[in-house]
Structure formats: structure tokens, C-alpha cells
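Working notes for the structure below.
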Amino acid sequence: MLLQKKMIAGHFDRLANTAKTGEKAVYTFVPGNLNELIWAFDLLPVHPEINALQSAMRKQSGDYVLEAEKAGHSEDVCTYVKSDIGMMRKGNIGPTGQRLPEPSLLLLSYTGCFTFMKWFELLKQEYNCPVVMLHVPYQADGRITPEMRKYVVKQLKEVVIPKLEEISGKKYDEDKLRAMLASSARSEDDLVAVWDAAKQKPSPIDAYFGGVYYIGPIFTAFRGTKECESYYRTLRAEVEQRAKQGLGPVTPDGKVHQEKYRLVVEGPPNWTSFREFWEMFYAEGAVCVSSTYTRVGGLYEQGFRHDPEHPLESLADYCMGCYTNRNLPSRVDLIAKQIEDFQADGFVVNSIKSCNSFSAGQLLMMKEIEKRTGRAGGFIESDLVDPRYFSAANIKNRLESYFQMLEARS
Amino acid sequence: MDAYVGIDLGSTTTKAVFLDEHEKLLGFGITNSRSDYDIACQIAREEAEINSRFAILRRELRSQVAGDGHEQLIAWLFQKYRLAQHSRQLEALAQACRKAVDLLPNAAHRPPTHAVLDQILTEMEREAVGLFTPGAVARSDFFRDVAASSFLHLAEKKAGDDAKLLDRLIGTYDKSILQVEAKSYTNAFADYIRFAADAVRRMPEFEAHGEAITRAVANTIAIEFRVLNTIGTGYGRQRLPFPKEQIRSEILCHGLGAHFMFPKTRTVLDIGGQDTKAIQVDENGIVTNFQMNDRCAAGCGRYLGYIADEMNVGLHELGPLAMKSRKQVKINSTCTVFAGAELRERLALGERREDMLAGLHRAIILRAMSLLARSGGVVSEFTFTGGVAKNQAATDALRKLIAENYGEMTINISPDSIFTGAIGAALFAKRDRKGDLIGVDLKALQKPVKPTAQEQR
Amino acid sequence: MNFYTAGIDAGNSSVKVALLEFSGDVSKPRLVDTELSKLRKRDPKAVIEGAWERVLARNKLAPDQIAYVATTGDGELVEFRRGHFYSMTSHARGALFIDPGARAVVDVGALHAKALIMDERSKVLGYRMTSQCASGSGQFIENISRYLGITIEDVGKLSLEADEPTAVSGICAVLAETDVINMVSRGIATRNILKGIHVSMAKRLVNLLRLVKAQGRILVTGGLGLDVGLVAAIKENMTGGNVEVVNHELSPMAGAIGCGIWGGYRHVRLARN
Amino acid sequence: MTDPTTEIVEQCRVLYEDLSFTAVKQWKERTGGRAVGFMPVYAPRELIHAAGMLPVGIMGGGENLEIIKGDAYFQSYICHIPRSTIELGVTGRLDCLDGMLFPAICDVIRNLSGMWQMLFKDKLVRYLDFPQEFTAGIGGAFYRHELEGLLQQLSALSKVTVTPERLRQSIALYNENRRVIAKLYDTRAKTPEKVPTYELYLVMRASNVLPVEEHTALVERYLAAAAKRDRKPLDNARVVVTGAFCEQPPIALIRALEASGCYVVDDDWVLGARYLLGDVKLGDDPLTELANAYLGDTVETASRYEPRRKKGAFLIDSVKKYGAEGVVFCAPSFCDPALLERPMLVEALNKAGVPHTSFNYAENTSQYHVFKEQTGTFADSIKLWGAA
């Protein structure tokens, strides 16, 4: 964890100093991002979603959201966007208290969510900076066709790369990219080993609440970097050690609790009351052995790796392969498989008000998964960063009833 | 006698159930929920105990009185018992009212208010005797409502055109009833039943049974209930003074309670005062799925309560009125408060009250249909529980919509359906009992009466 | 040219009638009389008629002596109206009449709350309204005051005496009653409960006001303009910038006055054509 | 004298209110053909038509459908159209459709396509991904490929081989239809008193279920009838309504808008029939022509990335073209694309000095009070103060 904190602090320092160093920031989204490509041009990636969730963890997102609503944003829409806009309007102070640089480019990789497009259109109006659109087709039939890949690669070659060259003033260096992709693949191997550890009983990790910490570096600015590689090496060793000792997951209390229920979780977590939310699980002995949110940046356990041999093709596949870019039947397959693979007693859907991409259709998915696995699903509702939509009493009530139901059924 | 107790602390009513060693129901108790949750629990539990004793009393009398005579006898004993209890509360109310009038800020207002108040209270006492006879239709099961309707009716009559005086009287009542509610008047079974026995013995038709009554009453009083375990559930369960193991989610309790009453039930719908739940259970009464509504009055019992107030009719009358509708009128507003306003406006524009009420009942059931669909649809058999199941217009609308959307099937509605959650809790109390753990006995929870907000002011 | 107009504001909890007299400058009418009649669950049409007749009788006027009867609110209920004006148009004009310095209005009635900003001619420049949920409305306060055993007129005064306001957690206007009951049980003094309610209402209203970017003098109109507790709570929460929150004894009449004045304008225009 | 349009409008109203799609069933019986549904906007109906099938626009269930099961599929914070569409589906009302197309307009419709795959396994279900890259070589090539794939699926379903000639004929018919619709809109803007918006709306909705030739004739008949009307314009405010390219407002809301003193002079309802602004060329490769038409001359909605022009330019053009005095944003609640677009459009309008107002609705709202107060105030303020 400490390692991760250091990495983040270093990155934000670098961002805060761009005025002096002349480095340029490229804003882009987390799912299916082109991190290695951005680094390959020596540009600095910034992920507004991460800023929004960090603001929520620091209890500032509520104000930001209100600020955006005051500026005319609707109550009904994704609060990630509103938190980001609010933060910008209040001086664009990032999670470490330092000011974030303005974007030199908005790299709109339109992956798995239509809101992304609106988000950067809004930022474009605010910053009046260039935008480059990378349209990533949806896996409507549960697979990537050669035409889809061709379309993305063509955009990378003819639209994205030329723009990055223009912004950075550097030529595209494919060898540099290859080296980073090779590094990414090594981290990815280690992450898969971490996820796999949860198959053991008791699970040494919590793959949802704890999991969001594990995915931090690889999903965001660090994939492809040396620090990232060493982070995952260390993490893997730690987790394998815990597994060997038969220890359960680490929780904010530090205590290892008895593993009473093994759960798979679908949907992003709530960030505004993250700890309180987590506690509702571990206090009852519920351990999340797998989750879909931790796969929004890539489904490595299904075999995908960044590939230095086919750099642009593998970037294209990475973009198209993220969880929310897959159709509902594939998502059902995936969760059902996780439930079997990780021997879960049940699954919980945390339905997020903000995120249509995740949430629309979850109720049907739940029914289908229950039918297919015979395992009961629990359903709760909250929001990512809008504290108004975290009703602790309500969620607790539902979870409690759900756990008692699992207990009664077992 | 050993007993297990289930308590369902609802938002509008608090229910308790006594269960014996063989999972047989002994008695039910209910009271309106009020600001003091502990008192509400205590009273519900005491009511359940009283109800259990009356069951015993009936058995005793049946064995001692030949033929069907005992039915009449028990009915009278019960009514007189209620009268005794009611009188005790009236007394308390009178006291509180007088004190409140003494505190009126303007001293000049006090004497005239006292004068009218005295008249009202005397009248109420007289009325009470008539209220408690077998066959009299109760306006409500709760002192609060019975007293309120008499008081307000009388106050309006006595105050005449003097709107200020009326306001003062209503204010006095509103303050005083809170104090009466903060105390239990149910924990004196022996006193009340002796009063009742005396009264009944003096009635010419029961003269012959004097001795039987005395014996049966004495036997009943002598019975001690030993509560082995208590489980609490319901909206307010988190505030019950029980350890965590003695609290169960209301979903589980409703599921199990419904299964107990109707073992073939697979789907349960509960519409209570503050929430609506759709629950699916398996063949053992274990919950497999459930859905609950958000915290909005539209779609639950309070919606109907609010509308009844707006329309100036009693909650009991709402359903029957709606049943008289000739055509349903769709109410556009979802919000309870707006629906109330819309109703008034449309009444002015010439719509029939009955038709609009029919529309309202349908609306509330439609919302429940959504929840049902979400929880997994309706599977045979279907059981409807909660207070709203007492409303016939609601049950009719439900039957119709279920048939239209899920086909014909058995729909269970028990007159005791309001106790479903408490029954489930009592069953859990019995099944949970491990070793000789003695559950919390609520008698230990009696608390001194707190001053009301007005007194503190 | 001398003529009378009347404005009728058919609201959800009360009917307001304003009688105006115009002479010379149409923009400077004289307020002759007002009447406010609570519905108290009665037939609104009958209440409107009653109020209307009382106003005419008091001023010894016959219906045909009123040049223009204008309505706002539920105008359909007034069959003898000549024209209808929407409530924000009316409240803006009424507010300007009551207080020529007002540049923003927040109208808080039985069910709705509306905020608007306007210029010195009462042209509405921006507005917002609460929607289909009555949480924190006047109706809610009325219900609660009944439960607490106090009259609506005393609500404001009591709230001002609060020393330890207690937040109301519930959002639903109907279910929040349960919360209030709960608070009573915990021995919380009425004044503090009321203040708590006022604060939570004020926050919503301030939010509305911020959304329309209200500046300068803000007049609280509608029935709750008389609720000094609410007005104080709005003041406390509407901080920053050059804002000043005021109310006026005529606040509940703003809608009726405003539409009556617009009626005057229309009358002059129609007479000219 | 009876109103000359009554009969036509009544016919359209019957079609609009018929949630069982009798007209589609009758068409199928009559012709023995098949029918394919599509969600509100951007579906290439020409392909369905060329494959000998009836394209059927599905725009939710509107205000008359009682939602009993549909809510089981969606949380309360998701817009209304998918739940009513599911309700139509699971109650068997869409059984007359042999397939469904889900254009890529938002995450909700996108996910709905997956739900449809799960719920209706034996039907053709196709998600249509549109390029958000608008050069012929990249986005155009991708889209042409999409269209080709779709056409193959469609002709496999109908067993009709689609020759380029056949497709050109279909395109020509739709070109004609688009032209009469454009005339209808122009006429309304010029003489809104003769073409009330709720009538125009019903006439447009008929395009969802009628064969294109019939609809073209219907619009022409309507225009002829409306021209005979002798009405004076009211003192209303002229407004452009925007925000509802997907979930449609209830008719009563459209009427309330007019009743509160507004003349609608342009709108973005029933866009499925008029998302292409000009004729599609009848070139050698009709698929390429369709793709080009999409890349070029297409309405701007919140779902389409616009790399070339400034946000709001399209809307301001419409305001100018039709002489509108203000803009009413009326978007479905919880519609992320429309609602996120709104602040950008507002900014553009502010810069251009065009007054505007906004509110949300759901297709089945029946509460018009708040809405009427708002549009009424808007109309009042334009009328009382507009010129000054």
C-alpha cells in the first residue's frame, strides 16, 4: 500500500510541476486506456475518474457535485462528470492538494460508456483544447471481429498517433512502446496470480474492496512503468505468503475475520463511504472473492496480455476488451464463471445510480445468474461519488437481510 | 406456561405474538406505534399476554358452562375488560387535559376552556359505556383514535362558531394524548378482569354462572407466563433494547410467518405503513429473494392514511368508499401530498370521490406490482400481509391485477395478516432457543414516563 | 381614466384576492383591499366565490365594475376570470409592487416552492421550481404543527427561540412525521424541532435561489413569507455576495396583486385596440 | 364546418394509441412479409425495406401503457423508455416483430440490446454501432461494413436477395418521404396556427408503423387539408423544442406546451424518420451512399460526436431558420446524453442571446402542473418583454 501511495504522490508532483518542466498532460479515461502510448510520447496521463473517486474518498465530491449542479448540470446524470467539473470550477486542485495542469489534449477513448463522450465535450468547452476521438466499437455479439480491430488500429495510426506527435513534438517510437507493453504484460501476469489466490479458502484477499487498491497502478497512470512492475511483484509475493499461512484478507480494522460468506460483487463501489460500506461486509464475515469492477481495465484472467509483438493490435484489443464494453450475455457468463471458479456462496450487485453503463440491465443479469448458478443474489443501490445517494441504513438493512437469507439457506 | 414472543415494531403499529412449546399460537397483541418505542413494545407484548389469557379463560369457561353460553359470556367479559382499561386511560387523559388548560398562556382563556372541557370529558365517559358492548362496531382498535374522534366531534359541537376556542381545545387534546401514550395501561390484568367479572356477574342473564366466572377468572389470573425467548423485528427493530442475536430482519420474519400461516405460499406481499416488501420464499419458508421500496410514502399504507385524513374519513371507511366506484379515475400525482391536493381540486371540478379513491387504491397496488415483478414475479400461492391487506378495495385491486398478469391462483389473506411479521419472529424465537438461554423479558424494560416536549418548553 | 381590477390567486391551501384601483399611470395602481381565505379541506370553488363576494361587498362594488379579473394558480376554478397569468409572472410583478427594490423572489406555498430573478421592470430573467415531491413544503409544516399542538402563526416565533436545532433526517413530507414523532419522544423541545425543519427547508430554498443566481434583495412571498422562522433560516443560509433576504406582511398576497396588475396592463391594451 | 384534418388526425391517433401494433399485424397478413423493429433514431430503414420487410419504429409505451413487469428490469434512476419497451416485449405485444435493431445512442439502449438477446433468443437482435469518426476511409469504411453485415442478416431473415437496384428504389422512396416531412415542418413553422404541433406529432408517429409510401401519401393529404384551415395566429411565443430525440414526451405534454402559450416551430421528436437532412444519393454502391449520408448530412443529437462545428451551432441554425423566439429544453429524466448536452447548448444560446427554459419529463408523466407553470412563465416573459 505504501508503495502505491508513493507512486501516486510522485505522479501528482510531476503533474503539479508541469509549468516548470514543460511536460504536457493528456486527459484520458480509465477503461481500455492507451497509457503506454501516451507515455511513449513522454506525455503525462491524467484520469479524471480517478480524481473524482479520490475527491469522494476525501469527502469533497459532495461539494463538487453541487457546484456542477449550480452551473446547470442535471441531478440525474453521472456524478463522476459532475464531480470533475465541480473540482475544475473550484480551482482544479487534485487529490494531493496540488493543482492539476490543464490538458494539452483530451484523448477521448470512447470505451464502454457514452458518458465519456459528453464528459470530454464538456471539458473541451471549458479548456478550449484539442480533442482526439478514438471510437471503440462495442462487443455486441460478445467477440471482437477483424473489422473492429482494423477500425481501431486505423484510427490509432491515422488519427491518434499523428495527434500525439503534434502535441508532444516527438515522433512515434514503436520500440519504446513495445518495451512498455512487455513490462505491462509482466505486471498483468502477477495481477492474475493475485486474483487466483482468492480461490483458496479462506481467501487471503478481498477482491472487491481490497481489490480496488490492487488495480490502482495497473489501471491508471503506471501500467508499463518499472514501478508498476515492482509493485505487482511485491503484491504477488505478499498475497502468496498470506495464502500459504492460511490468513484471511486485511481490512481497515487490520483484523482477520472469519470467512463466513464468499461473495462475487458486480458493479463499482461507493467511494463516499467506502470504509463504512466495506465494514458492512467484513463485520458480517463476508469476503468478496471476485468482482467485475476490478476487471474494467482488462480481463487478464481470460488470457489477454499486452503484446509487444503486435503493439497497436493489442492496444486495440485492450480497448475493446474492458468489462463494460462487453454485451450483457458475456457479462452474465463472466459472473457465473467467477461464482463457480471462486466457489462463491452468492453474489451482490451494487447498482450505481450514476453509471448506466454498468447498471442498465443488472436486474435481468441477476435473475439469469441466479437461475444459472442456483446461488442467491443481493441487490443494493448507491452512487459513486454523490454522498446524497448513500443511504447507510437502507443498504445495511438489505445486506443484513441478504446475509441472514444466505445463512438460512445454507 | 412457557412462551416464546415475537415483536414487530412497525412504523404505524406494533405487534406481538405469544407462541407455545408446540409452535401453537397463544395470543396476539397490537397497539399503535408511538414516539416511545419501548412503551409500544411493552404494550403490544402485554396485549398479547392478555389475549393469551383470554384464550385460556375461554377454555376454562367452556369446560364449566354448558352449551354455547360461554361465548356470550366471554364476549361480555372481554368488552367490560376493555371498558375498564379504556376508563383508566380516559382518566389519565382528563387529568392531562386539565393540566394543559391550567397552563394556557392567557389566564383569561382558562375558565371558559375548563368549562367546555369538563362537559366534553363527562360526555366521553358516558359514551364509553356504549362503545364497549358485544356487537358494537369499533371505530378503531386504539385508544388514541377512539378518544380523538369522540373528543374532536364533541369539541366541534360545543365550541360552535368560536374558532379560537376550538383551536385551543384541539391543541389541548394534541398535547395531552401524547402524555397518555407515553405510559402503559395494560399491565393490570387482574384489576381489569376482576372489574369485568363483577360487572358481568351483576348482569341478570349471567346470574347463574357467578361461581363459574369466579373460578375461571381465578384460574386464569393464576397462570404465570414464562417467556423463554423474545425476538424483535420490524422497521424500528434496530432501536429495540435487545442483543443482536435477538433481532431479525423483517423480510425473514414475514417470509417465515407467511409460510407458517399458509405453508404452500411462495410469494408474499407486505404493505405496511412505511414500506412495501415483495418476498419470495421456498418450501421451508426461507426467503430466496426480496425487494423493498424507497423511502417515499407513495405506495404504502401511510399514503392511504394521509388521503383518509385529507378526505375527512376514517381509515376503515376508505376501502368501502372506494368499492362504491363506478369508474376508476387515474390520479396523476405520485406524491402523497400532491395527490391529496389533486383530489380536492378534482372534487371541485366535479369528479366523484369514490372513483378517485378507487384510482388511488389501484395506484398503490400498481406500485406493489412493480416490486413483485422485481422480486421475481408471483408464484402460487400468493399471500398478502400487512395492514393494507385489511382494506378491501386494495385487496380487490390486487386480486384483479394478479389474475390479469399472472393468471388465476390462490391468494391468501388472513384476518390476522397484520401479525405475520410478529409470528415469524416468535417462530425464530422458538427455533433459536439454545440451551436454557432466557430471553430478555420486556417487563424489565418499563421506564419512567418522560416529560413531553411541551412541558419542557 | 379610472378603473378597478382584481387578482385571484387560487392556491392549494388558500385563496387570495387583491382589489386594485388604477388611475393615470398603469404601473402605479393603488391596493384597495385584500382577502385571504383558507381552504381547510373545503370546496375550493365555494371558497373562491365566498372570498370574492366578501371583497365586493366590503368595497360596495358590483362584479361589472371590475374591469379585469385576472387569475393565477389554479385559474380554471374561476369561471368569471378574464385572463390568466402564470404564477412566476404574477409573483414577480407582485413582489415588485410590494418592494420596488426586490430583484429576486422565492415563493413558498403549500406545495411548491419557486425561485426567480427579475429586473427592475419585473421581467423574469430566470426561474426554478421544485417538482413533484412535497418534501419540505408548507403543507408539511402545517401537518407537523398540528402534531406538535401549536398554531401555524406561532411556528415562526417559536423557531426563532431555538437554541439547539435538531436536523430532520427524513426526506418524505409524509414519513418525516414519524421522524418528528421520534424527536418528540427523545424529549427534543418543539422550538428546536421547528428550527430543524426550517433549516432543512431553507437549504433547499437556498439551493433554488443559488441555481437562479439570485443577487440583491430577495423577497420571500407566498404563505410562508409570514413564517419568520423560515425567513430567518433562509437568511442564515443565504450567505455571501450582496444578498438581503426580506419578507413583508403582504407576502402571501404577492401572486394575487401581481396578476391583478397585469390585468390592468391588459385592460389598457385591450381598451386601446 | 368540420375541421378538414379531423379524419386524418384521428387515424393517426388510433395508430399511436394502439399498443398491440394491429397495423403491423395487418400488413404482415396482407403481404406475407416480415417486420423488424428499431429504436428511435439513426436506424437505416432503407435496408429493412429493401429486404422486403416493414420497419417499425418502437418509441416506448407512452403514457397509456401500465408498467407491471417492465420495472422489474430497471432501477428507478434509469429513464423510462427501456422499461416500457421491455413491458411491450414481455407482454407479447412485440411478437409481431421478427427482429429488433438497437442503434448506438446510449448505454441504456446498448445494454437493452443484450437484454433482448437474453429474453428473445429466437429473434434477430442487432446492435448498430455507428462510427464516431467521420472520414470516409476510416469511419465510413467501418460503417459500410456494419451496414453490409446488417443487410446480410436482414436478407437471410426475409429470404429476399437485395440487389443494388432494389436498395436504390427503397432509398428513393425514403428520400421522397423525407422531402414531404421537411415540407410539413416548414409549413408548421410558417403557419403554426394551421398545423398544431400535437397533430404534426401524431402524423409523424404514424411513420413508425405505416409503409413508407403510405406515410408519404398521408403527409401530403394532411398538408392539403391543413392548408384549407382558416385560422388566425394567436399571440404565442415561437419556440424550438429540443432534448427528446429518444424517449418521447406524452401527447398531453405537447398539448400543454401549446396551451400555455407557445408555438413550437421546430423539435427533435420522431427523429427516426428524419435524421438524414437531405437526399441520399442514388449512386453505384448504395451502401456507400448510405454511409456517406450518415457521415455528412445528419441531425446533431447528443449521441453523435461533432468534431467539426461548435456545440449548439445546429440548434441556433434552427432557431434562426424558423424565426424562433426561444428554446425549450425538454428532455427525459435520467437521459444522460441529453442532459449532459444541455449545459453546452445553454452556453451557446446565452452567447447568441436566445432565451431558453428547461425541464425533464418521463413518457408517462401525467403531472403537467409544474411544467405548465414553467412554459407559461416562459411564454409570458417572451410576450410581455420579448420585444422590449
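Labels A, B, C and D are assigned to the chains in the order they are written; within every chain, residues are numbered from 1.
Going forward, contacts are C-beta pairs under 8 Å (C-beta built on N, C-alpha and C of every residue); 3 or more make two chains touch, one makes a residue touch a chain.
All values reported here derive from a predicted model rather than from experimental measurement.
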### Task
Return the chain whose centre of C-alpha atoms lies at maximal distance from the corresponding centre of subunit D.
B
### Contact-richer chain pair (by C-beta pairs counted) among B-C and C-D
B-C
### Query
Centre to centre, by mean C-alpha position, how many angstrom separate subunit C and subunit D?
41
### Query
Using the average of all C-alpha atoms in each chain as its centre, how far is it in Å between subunit B and subunit D?
53
### Two or more partner chains touched - positions in subunit B
294-295, 333-334, 338, 374
## Note on the structure
Touching at least 2 other chains, the residues of subunit A are 363
### Summary
Shared-interface residues of subunit D (touching two or more other chains) are 72, 367
### Message
Which stretch or stretches of subunit C touch subunit D in the complex?
### Response
85-89, 112, 114, 116, 121, 123-124, 127, 129, 131-132, 262
## Note on the structure
Listed in rising order, subunit A residues that touch subunit D in their complex are 71-74, 76-78, 81, 110, 113-115, 117-119, 121-122, 125, 131, 133, 135, 137-138, 140, 147, 151, 154-155, 158-159, 327-329, 331-332, 351, 353, 356-357, 359-364, 368, 381
### Task
Quick one: which bits of subunit C touch subunit B in the complex? Just the residue numbers, please.
12, 39, 41, 43-45, 74, 76-77, 110-111, 132-134, 137, 139-140, 146-151, 170-175, 178, 181-191, 193
## Note on the structure
subunit D contacts subunit A in the complex at 72-75, 77-78, 82, 104-108, 110-115, 117-119, 126-127, 129, 131-133, 137-139, 141-142, 145, 302-303, 305, 307, 311, 333-337, 339-344, 346-347, 360
### Message
Could you list, by residue number, the parts of subunit B that touch subunit A in their complex?
### Response
248-252, 282, 286-292, 294-295, 374, 376
